[in-house]
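If you scroll down you'll find the structure; I have some questions about it.
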Amino acid sequence: MRTLVLHTERKTQLVDVTASVREALEGETGTAALLFVPHTTAGIVIQASGEGAAAVAADIEAALETIVGESWDWKHVDEGDRNPWSHVRSALTASSVTIPLEDGELALGNLQTIFFCEFDGPRERRVHVAVI
Amino acid sequence: MRTLVLHTERKTQLVDVTASVREALEGETGTAALLFVPHTTAGIVIQASGEGAAAVAADIEAALETIVGESWDWKHVDEGDRNPWSHVRSALTASSVTIPLEDGELALGNLQTIFFCEFDGPRERRVHVAVI
Amino acid sequence: MRTLVLHTERKTQLVDVTASVREALEGETGTAALLFVPHTTAGIVIQASGEGAAAVAADIEAALETIVGESWDWKHVDEGDRNPWSHVRSALTASSVTIPLEDGELALGNLQTIFFCEFDGPRERRVHVAVI
């Protein structure tokens, strides 16, 4: 298992980690790559690459902020920590994603990028990469 | 790795792919089956089979259209592509799901069906199936 | 493959199953642990442990009830079964999650707990645990 380290810059931010995942997989052989996020206010999604990708990422960030409203009646707020919405946004994305490998390469679609999803940044974050 | 090809017929549509996945797994032995969707406006969920399943699928389709509203203030719309909501609906479902195998058979529950989720159809789509 | 059995007590309830998963993995060696929920009105998420965790779980339960409203115009209701919202809440979480193993131990973050998500309880439920 290898571990990527990244630094997020905004409260809600999709960060393209595809190149780092590819680097972690160099020289590895297996059937699939498992990505795992060891955090509870972050997640992972596979989304759009190429032209328009930045706008799609920004739209996903904004949409998750809309779907899970910070003005709702939260319990966790009363206990000092102030990010219950971050946990819910995390629960709506994924903690793990598994991608098939073909000849050692990620079998991503042409238009796919792997995004780490920050929901309580900025922070230092990790993504575990294991070959299965 | 094998790849299923399917053709969706509606903009938002859950398509039962369980039989095709079973066919792709015939003669394979392993611990689990990995399903991966190489698209960014589609997803995969495991949901209800049998009586009432069509109504459940229709309810999930309608609910995802409600949860992610097309009238929201989207950025990606201005760049020519007009489906940011499709990407968000995709991000809320899953790109990969892994199902244990028992004696070469999917260890699905009695009431479970594998659905490909189309969020920007109609289109030709793919699902990768790998045995781990 | 081993199967955990649990009994939920409320309609919507996150149940910490981390200890049971660890017990199921004792003596096993492999690269990752696959958790799979064989139900269509339940799911699995990895969320917060420790102080404040109960409040976070309660907030996630309430948020999923808010995000998927029971007063919406549902089709499945007319067919006798009355829980279409449970299926949608299930579809928004995950049916499977895969966690890397290090020296036979789950590579969870310090603040992570594995939660079974009940969306149509109380019921007897199962979680499959397979080592990959």
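Labels A, B and C are assigned to the chains in the order they are written; within every chain, residues are numbered from 1.
By definition in this document, a residue touches a chain if its C-beta (ideal position, glycine included) is under 8 Å from a C-beta of that chain, and two chains touch if they have at least 3 such contacts.
All values derive from a computational prediction rather than experimental measurement.
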Self-contact between copies chain A and chain B, residue sets same or different by half: different
Angle of the C-alpha superposing rotation, chain A to chain C, to the nearest 5 degrees: 120
Rounded Å distance, chain A centre to chain B centre (Cα mean): 20
Junction residues of chain A - those touching two or more other chains: 67, 92, 94, 98, 132
Touching residues on chain B, where the partner in the complex is chain A: 1, 34, 36, 38-40, 67-68, 72-76, 78-81, 84-85, 87-88, 90-92, 94-96, 98, 126, 128, 130-132
Chain A residues touching chain B - in the complex, by the definition given at the top: 31-32, 45-48, 51-52, 55-56, 58-60, 62-64, 66-67, 92-94, 97-100, 102, 107-109, 111-112, 132
